[in-house]
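First up is the structure itself, then whatever we jot down about it.
Labels A, B and C are assigned to the chains in the order they are written; within every chain, residues are numbered from 1.
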Amino acid sequence: MGAPTDLPSLLEHEAIKALKYAYFRCLDQKRWDEMFELFVPDGAVASYSGGKYRYEGREAIVEFMRTNMDRPGFHSSHRVHHPEITLLDDTAATATWAMDDVNVDSEFDFFLTGAGFYEDRYRKHEGRWLIEATGYRRTFETIRPLSASGTRLTASWWSTDGQSRLDVR
Amino acid sequence: MGAPTDLPSLLEHEAIKALKYAYFRCLDQKRWDEMFELFVPDGAVASYSGGKYRYEGREAIVEFMRTNMDRPGFHSSHRVHHPEITLLDDTAATATWAMDDVNVDSEFDFFLTGAGFYEDRYRKHEGRWLIEATGYRRTFETIRPLSASGTRLTASWWSTDGQSRLDVR
Amino acid sequence: MGAPTDLPSLLEHEAIKALKYAYFRCLDQKRWDEMFELFVPDGAVASYSGGKYRYEGREAIVEFMRTNMDRPGFHSSHRVHHPEITLLDDTAATATWAMDDVNVDSEFDFFLTGAGFYEDRYRKHEGRWLIEATGYRRTFETIRPLSASGTRLTASWWSTDGQSRLDVR
C-alpha cells in the first residue's frame, strides 16, 4: 500500500507531499510564476478532468490556469488527501491522491463542487522533486447557480481582503 | 496527543494511514473485493452513523457497502483528516479521524453533505495492519434535492468517464 | 518548501500537526476546556477572517469560541490540509495550512461554506508545542438559507446522538 519503510523513503515522501501542497497553494492563490517552477522544465504533461483538458509543457499548463482562473471573480479551493506514494527509484515516483474542489464564481454566477482522484508522476531534478505528469479523473462534479439558490458570497481573498462581511458577537 | 516519538512508531503510523487511505479509495471507487481484504478475517466490526448501521464480520460489512453504494447513480467522496493515532502494542492501535463526505445521487435525486469523527481499532495480522473496528459519529448531516435546487451533475466516474461536460477556454 | 530533512525535524513536524488536529477536534466538538490548554499561557493571539475577528490571550480567544459556537444548533466542520511547516529554532515554528469549513446552523437557518489559508506560529513550552499565534484569511465564504434551499438537517452530534435519520437497506 505504499507506506515508507525507512527514514530515507519517508523523507522523500515528505518532500513530494510538500511539492503537491505548494502546487495547490499556488493554484488557489493565483501564484502563476511560482506554479511554473513546480513543473519539470521539459516534457511536463497535465491531463485534467479525465483527460478532457490536456496540456503539454509547463508553459501551456500554466497558461491554461491563467486563462481560466486568474479573474478575481473566480474563487477556488482544491484539496488533496490520502496520498499513496510509490518511489520507483532515486529520481522517479508516482502517487495517487483523493481530491475535492469547490469553485465559487461571482462573475459567471455558479457554485461548483467536485471530487476525483489524481494520478501523478514526479521527477527529482537537480535535487528537487518536480511534477512530470499530473491529472485527475472525476468521481463527480456538480454545478448550481449562486443567485437562484439564494447563495451569497460573503468573503473573498480579492474583493474583501479575505474578511467576512458577517458579524459575530 | 499521540504524535510518534521515534522512527519505528512513525513508520507504523504511516502504515496505518496507508490502510485508511486504501479503504476510502476502495469505497469511493466501488472496489469491493479489494475493500474486503482490508479487514481482519475474524471479528471485524463496523458501526457507522453513531451505531445506527452496525455490521459484524467483513462479509456483512462489505455486503452493506455493495447493497447501498454499488449503483452507478450513487457518487461519493469520503475524506479523512487530522489523524490522532495511538499504538497500544506491536500489533494493536487505535485512531481518531475527522471525516467529511458528500453523496451525489442522480438516481434518487439528492445531494448529501456530512461530517463526523471516526474511532477505529487496527490489528497487525501476518505483518500487515488491518481494520478490526471502525465507526463514526456524525457532527452533522444535511440532505437536499438535486433538481429542486438547480443542481446539475456535470461529471461522473461511471457515466462520463470522469470527464466534465463543462467547457473551458 | 519546508519538508523535514532529518528524523528530529520530522518528529517535531508530527508533534505540531498533532497540536493542530487537537485544536480542530476541540473546536468542532465544543471542548472548550481542552482547547484552552492548546494555547501558550501568555501572549496568545488569534486573528480570524483576515483579521476581522481578533483576540489577545487564550481567555479571550476561547471566550469568543464559546460565545459564538457553543449552541447545540450550531454545527461545524473545520478541516486543515497541506501543511507547510518551518522550524525556526528548537522552540519556535511557523506553518501555513489550507482550510475549509462548513457551518450548519439549524437555529439561525443557514449553511455556510468557506475556504482559506492559516498562518500560524507555535512555541514549545515545557516540552510541548502550543499555539502562539493563529489566523486565517479567507479565499471565499458563501452563505445560503437552509430552509429556502430545501436543505434538511438529518443528523446532529447534539440532537440525534450523531445518528442519521435516513434509512439504508
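Heads up, the rule we're going with is that contacts are C-beta pairs under 8 Å (C-beta built on N, C-alpha and C of every residue); 3 or more make two chains touch, one makes a residue touch a chain.
Just so you know, these numbers come straight off a predicted model, no measurement behind them.
At the interface between chain A and chain C, under half of the residue numbers involved are used by both copies, so each side presents largely different positions.
Copies chain A and chain B of the same sequence differ in orientation by 120 degrees, per CA superposition (steps of 5).
Centre-to-centre, using mean CA coordinates, chain A is 22 Å away from chain C. Across the assembly, chain C contributes residues 7, 10, 79, 81, 149 that each touch 2 or more other chains. Chain B meets chain C in the complex at residues 1-7, 10, 13, 49-53, 64, 67-68, 79, 81-84, 96, 98, 100, 112-117, 136-145, 148-149. Of all the residues in chain C, the ones that touch chain B in their complex are 7, 10-11, 14-15, 17-22, 24-25, 28-29, 75-77, 79-81, 102, 104, 111, 146, 149-157, 160-164, 166, 168-169.
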